[in-house]
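I'd like to ask some things about the structure below.
Letters are used for the chains, namely A, B, C and D, taken in the order the chains are written, and counting of residues starts over at 1 for each.
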Amino acid sequence: MRLPDKSCKIASAIAKIKPGDRVMIGGFGVPGTPMTLIQALVDHGADNLTIIKNDANEPGMGIDHLLQSGQVSRLITTHLGLNTHAISLMNTGQIEVEFNAQGILAERIRAGGAGIGAVLSDIGIGTELAVGKQVVEIAGKPHLVETALRADVALIHADRADIFGNLAYVATAQNFNPLMAMAADCVIAETETLLPLGGLAANAVHTAGVFVDHVAELAELSKEYAVVQR
Amino acid sequence: MRLPDKSCKIASAIAKIKPGDRVMIGGFGVPGTPMTLIQALVDHGADNLTIIKNDANEPGMGIDHLLQSGQVSRLITTHLGLNTHAISLMNTGQIEVEFNAQGILAERIRAGGAGIGAVLSDIGIGTELAVGKQVVEIAGKPHLVETALRADVALIHADRADIFGNLAYVATAQNFNPLMAMAADCVIAETETLLPLGGLAANAVHTAGVFVDHVAELAELSKEYAVVQR
Amino acid sequence: MSSAKERMIARAAREITPGMVVNLGIGLPTQVVNHLPRDFPVCLHTENGMTGIGPTLTPDQADRNLIDAGGSYVSTVPGSAFFDSATSFAMVRSGRLDLTMLGAFEVSASGDLANWKIPGKFSPGVGGGVELAQKARRVVVLTTHTDRAGNPKLKETCSLPLTARACVARIFTDMAVIDVTPRGFVLVETLGGISAAEVAEATGAPLLLPDTDLPEFEARHGR
Amino acid sequence: MSSAKERMIARAAREITPGMVVNLGIGLPTQVVNHLPRDFPVCLHTENGMTGIGPTLTPDQADRNLIDAGGSYVSTVPGSAFFDSATSFAMVRSGRLDLTMLGAFEVSASGDLANWKIPGKFSPGVGGGVELAQKARRVVVLTTHTDRAGNPKLKETCSLPLTARACVARIFTDMAVIDVTPRGFVLVETLGGISAAEVAEATGAPLLLPDTDLPEFEARHGR
């Protein structure tokens, strides 16, 4: 038995994205945001996208490029505080934004990846986050139905990977990446280092390659990956 | 800032278990079963326990000691196939057994650890596993409400740990351990190697020490940990 | 093991195509691995938390922490990964298993599977079987065609508690390969030397014959 | 920063007792860390996936992959751990945070907190605030006593969209320490030089006085 090779060129993997697709994108701020895959999606040009991402990065960085290029019609997120441009697009109705409590967004994505229909949670009860959500009682206590989220494509940033698509992350670049890497029909990972089979220890794998469809090594790290000078 | 030391003696940690407690115990077969903590619980003697464990090990091993000593009144599990003694206790009504689909047991425990009330799943619909369960529709499709499981105490086996309680597992000894280590009010881990703070790399931690209350190094591995000769 | 069972297992191995992610259930299905070529590109999954299973090991060679869901000691291959039980079934329920091979007590003509409980006789619990049967992209069954008393295991409807409804696509037995279709059981292949009439006789529901010639299957892995 | 704000932050630091797991919210709360003794036994959590936060780093010293939830570059301590966002909030929702310190736009006399949205002016999204406010075992707020226009931020009821109901236990301001009790706001301490009457005047709801003497708080970490 030999595990299949899923290494690929970024452009050919990104070419699978179609107009109107739902696209999950890893990252919390700069760490873990797949800057190179995002740039390839800008170059590819598919529009009317629904983007699912914790935040909108900062103006001129990360998914702000997709907002600037007009490819995004809807954003499912938790916080836009560092991107005034995204807030402006939202306020003027140019993009539709759905806010989730951060841990609930994480759970909804994980549920999608775990083949679970929804989770029942009491988070946000009594606030406007509960408006419009189905309520189910458990042992007499109300819970909100937080439905699973899946995507057509997930764009993931890994630190190390092998050619089967086993991934490992570092530090706070992990965040939403392992969750989204389970929750899309097509999972594309960029990695800073691509290793042969056996290069990643079986106990050190954060995302099992079974979840990953394509893995591409980054030729270089653009300046968007660097420490932000504030 | 310095992380607190949670290292302990096994007997003093196990002494916290009270008659009638719900106790989660890691392991799938021999790998990951905390044989030494189980023996300490037999020595401690608390009875009328509800045990939550994937399986009942084999006659004369692991939790079979707790069944032999009559300390168990209820077992929440997935499969007893390798323990004819446990099946006999079930068939003669000496213990009550609740069977779960294996992945649903995992999700219910994880939900308990994640502060989620329940997950909605279509697993088991149309079978006797669905009998008596609340049904909720999502987008017109029926789902079963699989309620979260928590325990008073969880008994965990780790390969390596530091004194803050950060844990790492090896091979298929992982199984239910990381899930149960999140889902109990008091989490007690035995470890084959106990390291000082900094001894476990931050990226290699499988269970964050925040979830763990007590960690004890094993002085020796009893023969129950060894390869089973069949 | 009978020669017919061995040939059934060898034939089932040909169901695995390059690149698949496959879970082999406890019992006869786990033996399918012995019929895969050494360098065959496939990822074997076991529900106790591993992808990339390698050959089975004897107790002398075994790692005490490395078993499959049936308790056999197994090995790794380059690129194996370990994970917890929740992640393992996340793979199953979210459709990342291309194929599972399971044992059976009964299979109905509509693909219902019963393989976990014989009330009053055998009820060790359902384990991971429900999720494998319900969620793998393709579910095939390996079973003797009849039970020890000679009663058919392929039936119009199952009498035993179900594992999952309408899940089985194909059945490999020690007599034949049979597909479950909207029209019921369809005979696909017979074991060399066994006639379609003999298979029909041992089957507890109508058995349709294909429009084409009926091939016989052999023990050799066909690649 | 004003001396009063600095003294508020120093006083809030004394709320952290040895062995706690603490999340310090974005803004004023994150500065509390500067008032903890170097060897103080505490575990700081940040919701983007880390326990064991060490001192904040300048861009020159920073690891590009290591930030807190506010985007500041931070360091590790011996025993730090990294994990994904689902695990991070599992800690929060299952009650493993002993304490969180949050900022506020408004706090009501029943402990309701509003700190994420000013309709028409400011609505960047709720982030992790709802879960921190609703599920940490103890929630305290750090805030100026009044807004820039001089209006009270401690009110009978909140007028802004809520983050969570009945969650706040204690409020640290640049004038006082105030507890939220079943009887409403109770003055616990005042900043040196400020009278109880001045605090009551700046508070938008009845302010009860303690039965005992009213201590003044100072800037020094009291251990």
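Some observations on this one:
By our rule, contacts are C-beta pairs under 8 Å (C-beta built on N, C-alpha and C of every residue); 3 or more make two chains touch, one makes a residue touch a chain.
Every value quoted in this text rests on a predicted model; they were computed, and no experiment measured them.
Minimum number of contact steps separating subunit C from subunit D: 2. Among the remaining chains, the Cα-based centre furthest from that of subunit D is the centre of C. Computed from the mean C-alpha positions, the centre of subunit B lies at a distance of 30 Å from the centre of subunit C.
Between subunit A and subunit B the centroid-to-centroid distance comes to 32 Å (mean Cα coordinates, whole Å).
Chain geometry summary: the mean Cα position of subunit B and that of subunit D are 36 Å apart. Among the residues of subunit D, those touching two or more other chains are numbered 50, 82-83, 86, 89-90, 92-93, 135. Residue positions of subunit A touching 2 or more other chains: 107, 114-116, 121-122, 169-171, 202-203. Remark: the chains found to touch one another pair up as A-B, A-C, A-D, B-C, B-D.
Residues 107, 111, 114-122, 134, 136, 138-139, 141, 143, 145, 147, 168-171, 202-204 of subunit B touch subunit A in their complex. Listed in rising order, the residues of subunit B touching subunit C in the complex are 28-32, 54, 77-82, 87, 97, 99-107, 109-110, 121-124, 126-129, 159, 169-179, 225-230.
In the complex of the two chains, the subunit D residues touching subunit A come out as 46-50, 59, 62-69, 71, 73, 82-86, 88-90, 92-93, 123-128, 130-131, 134-135, 161-165. Note for the complex: subunit D touches subunit B at residues 18-19, 21, 33, 36, 38-45, 50-54, 76-83, 86-87, 89-96, 135. Within the complex, the subunit B residues that touch subunit D are 1-4, 112-116, 162-164, 166, 182-183, 196-198, 200, 202-203, 205, 208-211.
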